[in-house]
Each structure stands twice: as C-alpha cells, then as structure tokens.
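Contents: one structure, followed by commentary.
Read from first to last, the chains carry the letters A, B, C, D and E; within each, the first residue is number 1.
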C-alpha cells in the first residue's frame, strides 16, 4: 500500500511538470506586460524599465522558466510581482479558504446527492425517482454565479417579513457561520446533482448484480441488501465522482468566490491573471493542480480500501 | 502416406510483461506459452486441449501474429511467418483464418452479413467487386444460411447462426488453415452438433486443415485426428486421438479424462480427483509443472523439466512429457495423496 | 416410501419487458423426493434458472409468477409473505449460483458473508458465527480456513469461491440445496472436485438437491431424477436411468444424439435442426414442433400436456397420448418409439 | 477641516442631514472593489493602494478640495529659485513606532522612491529630483533637474508618503538578504497618519486602528476595516444588511434604489478623471482631424451621461475635469451634431462611411459607451465592431498602436493639469506612458513643456488654456465624461467625504447616536 | 404465424434491414419520455436559433435610452434592458449564438478528443502513456483558467470562447473514447478483421469508431450543456462575446448590475440558459438510456 502511494505520488511529478510548462507558456503568450500594469497610468518608460529589470522579465523565456523551476524545486515559488510578498504566503492565506469552501460544498453535495440517489434508485421509475432526477437536472443546468446572485436576493436581502436571524450574510468567509451557507449551497448544488445521478445509476447497476441476488437468497431483508450489500459497492464509482467534483470545486470556485467576495485561490488566480502577476498564477495553478492530483490519489486509495479487487496497476 | 507439413511451430514462447514497480517497469512475465513445438499436416485436424489459462488461445494468436510471439519460429506453407514484415504478413493472412468462441463478440454489430463478407474479400482482394455478391450468396449457402439473410445485422441471428457467419467469413478468403478457438464452446449442445457437422463437411469439401482449440474433450475426440494436451504453457502429451483417449500416458491427461462426467448413469466410473488449483503462469512450478498436483510426483519431478518422449507402450507420434511413464505403466509408482472416487 | 419434499406444479413465470410479456417459465412440473437429487437440464434460455428463482421468489422486478404451485412440505410457498420467504431462504432452502466470480460480494470478507446468514437465521453472535464459518469452510475442504475466513473473494481462486458459496448455502443446514449450474464456470478438474463435494455433503447431511445444468454428463453422474426443459416447459420428467436408456420426448432423444462423447467414438453427430424458438414468439402448439421430425398438425396447433406413464414418469408429447394421429411407430433421430394411441391400451392421463 | 463641499459637482445633497449627534469610537467597515496591492508608498501605483496609504501615511503637502496645495507634514515652503524648494517641517510629529519625523526622514523617503534597486512604480513622479538637502532638523531643500512647476502637486501624491526611518532601514536590510524591495514596509507599514496599521489579510481585508498619538485632531472611530467585495450587488447587500457602513463604488443605476431605502445614502463627488474615446491618430482615417471631429460630434454626451451613468457625471468639454488646476472653463466643446458630422466626413472623403473598430476592456460602463457609439456611428455609415479585451492585453495592444478607436480613462491623482495632459498628449509619451492616441503636435508639445517649467501659476493657467483649445480643435480623442464617485454611506455614520482623486477622508467619520 | 423455422418468421415482414436496425433504436428512444421531451426542446431551440432572428420585428441591437429598463409588457414581452433594447428579441437572436457556442465548441473538443482517445486506446503503449499524461495535465489544470487564458490571448469573441470551451472538453472525450476503445479493441471481431489482414486505418475508422459512437454521442449532448454554462461563466468574468452580441451569458453578466432595480434583465437570460442546458441534459440522458446495451436485450 505505502509503495503504491509513493509510486502514485511520484507519478504526479510529470503531470505537475507539464502543468508548470503549460502555465508558463500560457503566461508568456498572453499579451500584457506586468511591469507596465504595475507601473500604472502615466508612468514614464524609465519607471517601467526599472521594474522590468527588477522582475527579471528581460531575460529570455527559457531562462526565466529554468530559474523559476529551480526555485520551485527548492520550495520557493517566488514573490508576487504586485505585492512583493512571497507567493507561498499569498497562497497560504487563501488556500484553506478554498479548501474549506470546497470541502463543505462537497459534504453538502455528498449528503444530498447520496440520499437523493439512493431514494431514486430504490424507487426507480416511480414519481419520487422522476421528481428527484428532475430537480437534480435543474441543479446541473443552473449557471453557478446566477444561482449565487439569486440566493443573495432571496436569502440575504430577503423580503421584509423574513426574520433577521434567517437572513444569510451575503459576503465573505470565516467570520460567521451565516456567511458559509450561501456559497456552500451555490457551489454544492451542481455537485449534489451529479452525485445523485451517479449514485442512482451506480446503485441500479449494483442492484442487478449476482451478489445482490446471493444476499437475497440468504434471506437478508431489503434494508440490509440495499444499505449493506449494494451501497458499499455502489459507492466506488461515486467516490470517483466525489473526488473529481472536489477537485473541480477547487479550480471552479472562481465564480462562487467572485460572487460572494470570498478570498480564495480562484479569485487570487483570476486577479493575478488580470494583473499579470506571473509568479502568483504559476504558484496557484501548480497548487490547484497538485491538489487535484492529490485528491485523485486519495480517491484511488479509497478505491482500494473499498474494493480490493481493483488492480491499481 | 507422404503428409505435407502445413504448419510448423518450433520453440514458441509467448510472455506477457507485467508492469509495476516505480515507473511502470516490467517486473515479471506471464509465461502464457513456454517453448512449445508441434507440426500440423495438410488436411488434418489437430486439437489443443487443456484447462483454462494453459495457453491454448495464446498459441493460436501467436501463430496468427495477433500478438507478436516472444520467441520461436512459425513456418506456414514454407513461409517463415515470424520473420515476415507486417505487410508481407497481411498477404499470408489469406491462407490463415480464425473462428472465435464468442458468437456475439466476433462480428461487428454494425455490419450486415454481406458487409462482413464483402470486407473480408476487399481486404484480401479475392474477387473483382462485381462477382462478390454472388460469392457471398454462395458462401452463405455453404454454411447453411439463406440469401435473404445477407442484408441482416448480426443481432437478428441466433448464436449458432452467428457462428456460421464467422465461419463464412473465414472461408471467404479461401484459407488453407483455420484456427478454431473454442468455436463451438458457447453453443448449446443441439446447435453445437450442427456446427461441428458443418465444420467436418467443409473440411472434406475444401481440404481444410484445422487447429481446433477446445477444452471439451467430447468435442475434441469427435473432430480431431491428433490431440495436443497442454498444461500451464507447456505441451504435456501429444498423439493421435486414439492414443490420447484410450492410452493416455501423462498423469495429467489421465486425470483430465477421468474428470469429465460421462452421460451414462449405469456406468460406474472411477474419477481421479486432483487436489488443489492450477498454479499461476507467472511463477510456474520448477521442474515438471504438474508436480504440485501430480499423484505420482517424485523428488526428481520438482527439479528436472521433463521432455516430450515416447515409450515402447506408445505408438509412433505419441509422446508424453513425464519422467515416469514407464514406472506408472508398470504400476511401480504409488499414488500419493491421490483421491480416487466413485460418484 | 419416499416422500416428496418439494413439489412444483404447472409453474408459470413471466417477465414484462418493453417488448411485451416474456413467458420464461410456462408450465413446469416436477417433484423432488426427500434426500434425492433432481437434475434439471435444458438448453440455455429454457428457463432453468428462472424456475429455481421462482421457487425462492427471487425474481427481478419485472418478473412475476403468474400461476402454479410450489409445495414445500405440503405448504404453498407462493402464498408466503415476503417475511416468511426470508425465513425460508438461506435457511430451509439454499441456493448456489453458476458464477462463483460474481456471486460473492466483493467488498466483504468470506467470513462476513457466511456469518451473515448464521446471524440472521440462527441468532448467533458475531464471534460464534465466525467460528461456525471457519468450521463450514473446513467442511467444504478449504485448507487453512481460519486464514481464508478473513480474505476477500478476489483473493480466492474460482474453485475456492464456489466452495465458499457452498459453505454459505450450507450454513443453516438447509433441507433443499438448489445448485444452479454450480460448475459451468470452472475447469473440468475443479468441476470434478466440486461435484464430488456436493455429493459427499448431501450424503453426510441428508439434504435434497436440485442440480441445474445443461451437461448431461453431470446429470448422469449425480442425479436420481431428471426434468428436461425446453422453451420454458418441462418436456420430460423421469428417473435418470430411464431417461438415458429410453428417452421419450423427441427433444430428449435429439439431445442425447447430438452429444459428442469422449468415451465413445461417434461417426457423425445427429443434430436437431433449427433453433430454439424466440421466447417472444413461441409456437402456438408444441414448442418443439418446428424442430421435431415427427411433428403432425396436432403438434403444431395444440400444446400437449404432461402425460404420466405407469412408472410415474412424465412426458409432454402427443405421441404418447391417445390423440396421436401419426404413425404408430415413430422414428425420431434413428430411434424407434411406439405411439400410445394405437399400440397400447393404457390410457394416459395427466 | 474636512466635510464635503461638493460645489463644482453641482449635485450633492448633504448626506449627513438629519442624522443624530456624533459619538466617539466604534468599528467602521468599508466594502471596496479591490484590495490594495501594496502598502508601501513606493511599491505600487494604483488607487486601491493609495486609498489605504492615505490613511496611514502623510505627505509633505496636501491638497484641499479645490486642489489647492495646503500644508501637510511641512508647515511652510518656498521656491528658492525655479529649481529649488525649501520646506519647513512640522515639529513634534512622531511615527507610529515612536520614531521622530525630521528632514533626514524626508531625504530617506524621497531617495528610496528614486532608488533604481527599489524600482518604484512611482519613480516617474519624482524622476526630475536631483538632490534632497537636509538643512537642519526641520528644514529640507529639494532640487530638480529642470524647473518643474507641478512638484508640489506631485509631493501631495501618495508616492510622497513619509515612512518611518526604522522601516526603511529594515527594508533595505531585508533587500540585502535577498528579499524583494518593500517586503518589510508593505506588510508592516508605519507612517504618521491618524490611523495605524493593524492587520492585512491579502485579498480579504485591511484593518487600521486609531492613532491616539496623532499630532493633529484625532480620528473618531476606533478601527477601520477595508473589506474586499468585488460584486457590486453584494457590496450593496452588505450595506443594506448593515455589515458594512461604506460601500464603494456604487453603480450609477443603483443610486436611486439605495437613496430610496432607509439604511444609507449615496455620497456623490465629482472626480478628476476623464473617460475618453481615443483615436489612433497614426492610422487612416483617424489621421485626419476632420474625421476625428466628425466622430466627436456624434458622441451624444447626454445619452452617455444619462444612459450609462444615470446622470452621475459631468459631460467633458476637454481633457481636464473642472476643479483641476489649469481647467479651462471657457473652452467651447464640440457639440453633438449629426448633420455637421456628415458634412465633415464628406469633406474628408468618407461620405459613404468606413469600417472600423472600437476597443475597450471588460469594464461595463466602457462597454456600454461603446455600444451607444456603435449605434450612433451607424448614422453616418461608419460601421464599427466592438472588441472587448481583458485589461492587461488591452493596455498592451493599445500601447503598441494596434487599435483604431478605443475607450479608456485617465485619472488625475495630483490635481494638476500637467498630470492630466502631459502623458496623454506629449509626443514623447506615445504608447505605454499614456499617449495611446499617438498624438503629435509640436505646438502642443512646446506648450506642455512650458507649462511644466513655468513657476507662475497665472502664466501656467494661460498656457494650459491654450493647450486645451488646441486639443479640442484637434480632437485626438473625444472627451466623454468626468465621472462622479458614488459611495454608499450608511445612515449609521456621518462625516464621510472623498477627494477628487477618490481617496476617502475617514478622519472625520463618526458613528451617530442611535435614535 | 405458422412457419416452420423461426428464421423464416423474421423473414418477410421487413423491407429494408438497415432502416430496421435504426428503427429499434428509435423505438427505444421514443419510449423514453425524457429523451423525447429533451429532443423536441433541442430541435425547437435549434430551429429558433436558425429561423427565429428572421421572425422578430425588432432589432436586437437598436438602443433607445429613453426606453430603458422597462418591465415586461405587451410590447416588450421580456421587457427592455439598460439600453432600451428589447430583451425578447435579444433572447431569440442569442439562441443561435448559444447553440453555436454549444455545438462548435463541443464539435471541436469532440473531434480532437475522439481522435486522441482512439489512437491512445488502439495503439496503447508509449503513445497512450504520452497522450493520457497530457490529458491528465489538461484535466488537472483548472478549466476556467485555461479558458480564461485562451480568451486573454486570443481576445474575447464567440470564436475564441468556442475554442476555449472546446479545448477544455478535449480530455473528457479522450478519456471516454479511450475507455470504450480499449473494450472494443478486445472484442473478437477486431481480431477477426486483423486476421483478415486489415490495416489499422480500416480497423479504427470502420470497426472501432462506429462502435464507440454511442458514448460519444451521449457525451456530446451532455458536453453541449456544460459548454453553454462555461461560456456564460466566461461572460460573467467579462470575457465572453463582444457587445452588443446578444449572447445570453453576456446579457446575464451585464444585467446583474440591475438585479435589484430590474430583475428581468437577469431573470430571462438566466432562465433560458437553464432551460436550454436542461434540454440537452435531458436529451443526453435519454440517449444514454436508449443506447444502453443493457436495455437492448
């Protein structure tokens, strides 16, 4: 097991390496000069030149890349062009916010998704199944930011008769539980829909398996058959989806973070792209990608725990 | 009788790498086929029998180079297949065909029967396109299907009929040798008989040679001239049908034959029930590969690899790979941990 | 006297699919005497498994038993409630399935899966059930059972898994063991091991066994009685010796003839022409009529009942009824049979 | 002093009217659009950073609401010759860390901005300074390379903020150790202002607290928190729900809604910035002033002001906003006139119109202007497509002259005509520095240079009046509008005001007694 | 119905066998109510996208400041926006654009992804490893950032949004197709044509591609839904279609300023996006069921 984990961790290196090349060339190709943006309006050419010199932007791209990677390998992601702070610090300040947001959203998605999916599967082709799946489809089809804005309209501002304590706080993260609810719902809804659908189809598949018949042939009750024998197997593909969703949340929280003024990785990256803060973009994308790969590793491991048959090679 | 050698397999090995370790290196091999040699003469049917995973299919696929063999030489009709370029090999494929086990998986579900046959002829450029339709009808009739079925899709046929389509496809390029890989195993007995009869009729009509792969000894006895018994990637016994079925020499062949239930309730039958499971082809046992389950196994068996050889009690061409053919024959060796049972 | 532990009469089971009703089982009757082994043979799709599943009422959602009786010790299981059935399943009647690879739950250990029925039916505690599981594994001949009990199915070979299935089925000392093609997925040498095991256990524990198979060899070697199924119906039911020595139904005769055998040399196989009918488009008369060399208009238009003969064996064929209109001596696949209507005076009834 | 006297903006209701009496203390929260990039005065050149810096640091001189230079950390100043200024510093001023403020500190600070190793983005504000001479503890002289009239205005800019000497030393030490310049100051800014730096969570919020030892009148509230809330609707929601007391900016169309509510009022303030439609004067057909004038005539400033800014803005006459030093209030703007435009285009040979494009960035108001213009230009058969670019790319491409028409803005943080004209129109400033119209007029060049060097304010005004006339005549750009700063201010506070450069004056803000 | 062999029974009642095979598929599809509803909606939207613009009486881009922010009325069914443009007209004109973004981006991602997936699955080995690692990289790379970068480089326009969304759906296709290819490749009919001497091109295009088509089709419809959402997300970040294009995402993003004052500005484009995405999702799901081999037998 530990050997497997080490191997998988090592396998992430080429992926991250690829990601770093991709980000670097991406940033290099994007028009826009960080020095110019930093200097702002009216700055003289000399000012811009000084800044460019300081940032090492005059060097050829491969040199810049190699220098950058040399530092990355030593755990140094460089300094933000704009604020001058270490990229690691900038990321640290936001990292946990995004992870937390994604985590709660995942919890919500899993909780709602599993319940809905199981009910749907057990009662498939009944009205409850159909209505759950229609709701799930709605969840999938809503633009995230639009949903978020709608939530703010309804639950933060709310109608006049709504009691004060029920009004959720529209912006921010981490000071107050009432700030958490709306963004978590916004981000988690799509995931819940996907998980519900996945759980349903996976459950239906598993319910048709021979070993479920075996369990029934042993005289087991429906509850035991569904929740013990079927669910544990059905969870395996669901976990993959959960992993992917969590990973997706990390990168995809951009919109939610913008709407709810949450200071997370997504917004950091977008802002950094806007201001051509290359080191931040590189660092953030690397971290997000790493996390994504890492979450998938966790998924693989839980695969193995849940279903020993799966050949991880 | 001067028999013409059609297919000669020498020292064939097929190892499949097992990837693993840090960077996906090859850490081991599945020794699916491990150094086997045999010859097939024109017009005969040679069967390969053995338990699941002993390398029967792999042998067939390696001959066809559907999987490039690890080692060994396959000579067909005077051409050394194993050293041909891919292109030259494509030409040879006209003479070498294969029929598969699964009647459902072996035809592209999106092609009509006529498409299937037409494609085969196109690939090998068998006939001018104008004449193909007529040939397709002829082929269908040969395998017992009707003209009006030519434009049907596979899902509209039963298993037995599909198998006939597979046979027609193989025949469409006028091959010399057909490898039948479990060609009737998936069929019901009543249908199986139809297909077996068809195969025999075709052999007579077109002078076909069959390499017949099966684990069903009833079928094998019915159709073969000679039989090869494989165990864990190696040939343990080879001989004509009568020698194998009436006078098996290798303890494995004996056990195999006795393990098959006989459809005759009045017949009291002794079964040699082997203990244990077939070992893995990844780390096959040293020495004789059968020694872990062999009731006669001796120390020597664990060390020395037996070679195929003949003995005075065996007729010409009958060979077995056992160190103790004589001793077993003479009753000098005693059964150890061996269960003989009457059902 | 042999008592009938299980009696199935005119069982009918249908599936309701998008394309309409599929009469998967449509007139199955047989009896299973106590302590004996009954073989059910027939081609793929003839309804063998559905018959077994109907007995335990384990059909898929779209399946329904629409008629017949299943009497177990005189009581009709078809009238049992779900709860009552759960007490029967795995307890009085156990079943093992064809595919040992897929019939065990991959995420539970062997021990957990065996213990489960013990805990349910015998009110055992976890520890006790675990101990019993080990014993059961020993009983089915698994070496070092105390280790195996903690392993997952994927860690076992096919033969071992099938043994685990058997151990699971035996856990609560069932009176009937239904084995649905227990060896088709296994190698011949392993098959021999398993068949012998079932045979031994039956003797030791005094169970009755229903052995479902399409392999006549297995039937010949393990069963006392045989029901031959064709297209959802039992076409012949008799003791094993009679069946093999003098099969009556043309289908049975054809089946025997088309069997290649490794112990005797056959010149040419006598095959049954045609195909098994599509379950959605069953012939209106005798279901074998389209393939039967002796079929008459009667056969093609009217479905025969199961006729019982003196020896208590049944056959579903007009030849053996007084209504038979054809030749008195019928030759089927080279075998002669005397039709009942003219040759004999015995009047057959159902 | 303080309080908002929004005389020029013409609008401006007194938002403090009818509010209760002020009380001391309390925690003030502002929701702002973006985070500061650096709290080091030498480390950035953006408004969000300036807004915070202005509350922590002070400059030698300050500007009043009419952009008149008033005293700051310097009590007195005097031009010794046209290249030398002498400043007499305020006594008894202490930094937040207890360090005294003196002439040496002034020298250190200015030298730091000029240090190429620091590579300050605000270097250009002071690049003409050659020497900083410490005369005595409280007297300092600044010498420039050439006569530079707007020097005082530049010193009033946040770039001239005074940072504690200890911090500067620590920062240089850190630079030696391999850290980036500003790494110490940016994260722990120490000034002399009425608020002290408390904490900064990058991207989220910056917290300041009252400086109890401030040399002048002290602030009223205990703490100030600047929270970053990028979505306008959410800022307003925060204001409405009472989590913040000041929301900035408010979108023009949202003003009415907020004013109608009972929780907040909008503070309006004319800005010194300019929104303009630029022409690439090096490209056909915009190299022809007739075409430029014609298009300028098609700009319906009323529609823009009403339609886009809901009336919150002053239609621009020329490049300078009213209130900026040098503003020519007598200049005659190009009026909206479709017929005249057609005539001009005919003269220029574009009777049948032409095809062109308008570039802008992802700023909603600019996009709206572009859409309105597109519609207007159809009237003279000029078909334009609108290209919306991400800001960085936009700046880059317009600096390279790849564009034809473009919409951009220019703000004026020094309140001086030089800042508002030189970079935009001097031929030496083409591209990056600001002249994205690639405008070149020797006459204008000469005047602009004179304006910088002339130390007599009246003379300067004359020069700049002339420049503006040229610029209106030549129309290198169509001057659209001077926007207003619209800030949502909660009814719970009073005393808020904002400068023409967009900087909040928080010293006088206080909570009011609850009624 | 009294025929002698069942073979003959199937014989007579059919005219063209090829049509028959598809009929079976249609029958299953028709039986799936969701698929029918989704399909009808999709067709309706496509037709509206193509013909709708010719049928509206107003121009989507004519501004009329005096008439701005009018709530829905008989004259302006969906009200007017901040320029006084008729929202209903804009929605109709935007339909085609939304469809275009959906179809073309997915077509782009699909073609590239399917190609890579098939090559990867069929040849295996090093090529497979390389392609799949690249897909991993794309997958690990936050999608919206990738799109943002592409749009930043190429500028905001419908084409570039299509490219951006297309690129980031490549890995999804590649993975699915690779998986299906791997399982199809193992089927015996592939070996059979190989044994007949068929070249790789024939095997890939004639035998593998048609048989991995159904998951691809399903994925296409579902991805169209995702593409529409992604495009609107880009618009929200200010990087969508260029104004005054009536792209719904852009309308939504512009309208959000007026949310309190004139909620219909965000309501209609938002609801339209939901409905269109929903239709594609429902249709995709229905297709999946209809194409599911388990439903066949």
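Rule of thumb we're sticking to: contacts are C-beta pairs under 8 Å (C-beta built on N, C-alpha and C of every residue); 3 or more make two chains touch, one makes a residue touch a chain.
Since the model is a prediction, treat every value here as computed from it, not as a measurement.
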Chains touching both subunit C and subunit E: A, B
Shortest chain-hopping distance from subunit A out to subunit D: 1
Furthest chain, CA centroid comparison against subunit D: C
Two chains sharing the most C-beta contacts: A-D
Length of the line joining the C-alpha centres of subunit D and subunit E, rounded to whole Å: 47
Interchain centroid distance [CA atoms averaged], subunit A/subunit C, Å: 54
Cα-centroid distance, subunit B relative to subunit D, in whole angstrom: 87
Multi-chain contact sites of subunit D, meaning residues that touch two or more partners: 231, 233, 390, 392-393
Where subunit B touches two or more other chains, by residue: 161
Two or more partner chains touched - positions in subunit E: 7, 148, 152-153, 237, 256, 259-260
Residue ranges of subunit C touching subunit A (in the complex, touch as defined): 53, 56, 58, 60, 85-91, 94-95, 97, 99, 102-108, 116-117, 120-121, 152-155, 165, 168
Interface residues, subunit B side, partner subunit E - complex: 24, 61, 64, 66, 89-91, 93-94, 96-98, 100-102, 105-110, 112, 119-120, 123-124, 146, 148-149, 151-153, 155-156, 161, 166, 169, 173
Of subunit A, residues touching subunit D in the complex: 30-34, 36-48, 50-51, 53-54, 79, 82-85, 89-90, 93-94, 149, 152, 156-157, 167, 169-173, 258-261, 263, 267-268, 271, 273-276
Partner subunit A, residues of subunit D touching it in the complex: 31, 34, 37-38, 40, 43-46, 116-117, 119-124, 127, 180-183, 186-187, 201-204, 227-231, 233-235, 237-238, 240-241, 243, 390-393, 395-397, 399, 410-411, 419, 423, 432-434
Contacting residues of subunit E [partner subunit B, same complex]: 7, 10-11, 17-18, 20-21, 129, 187-189, 191-199, 202, 206-207, 210-211, 296
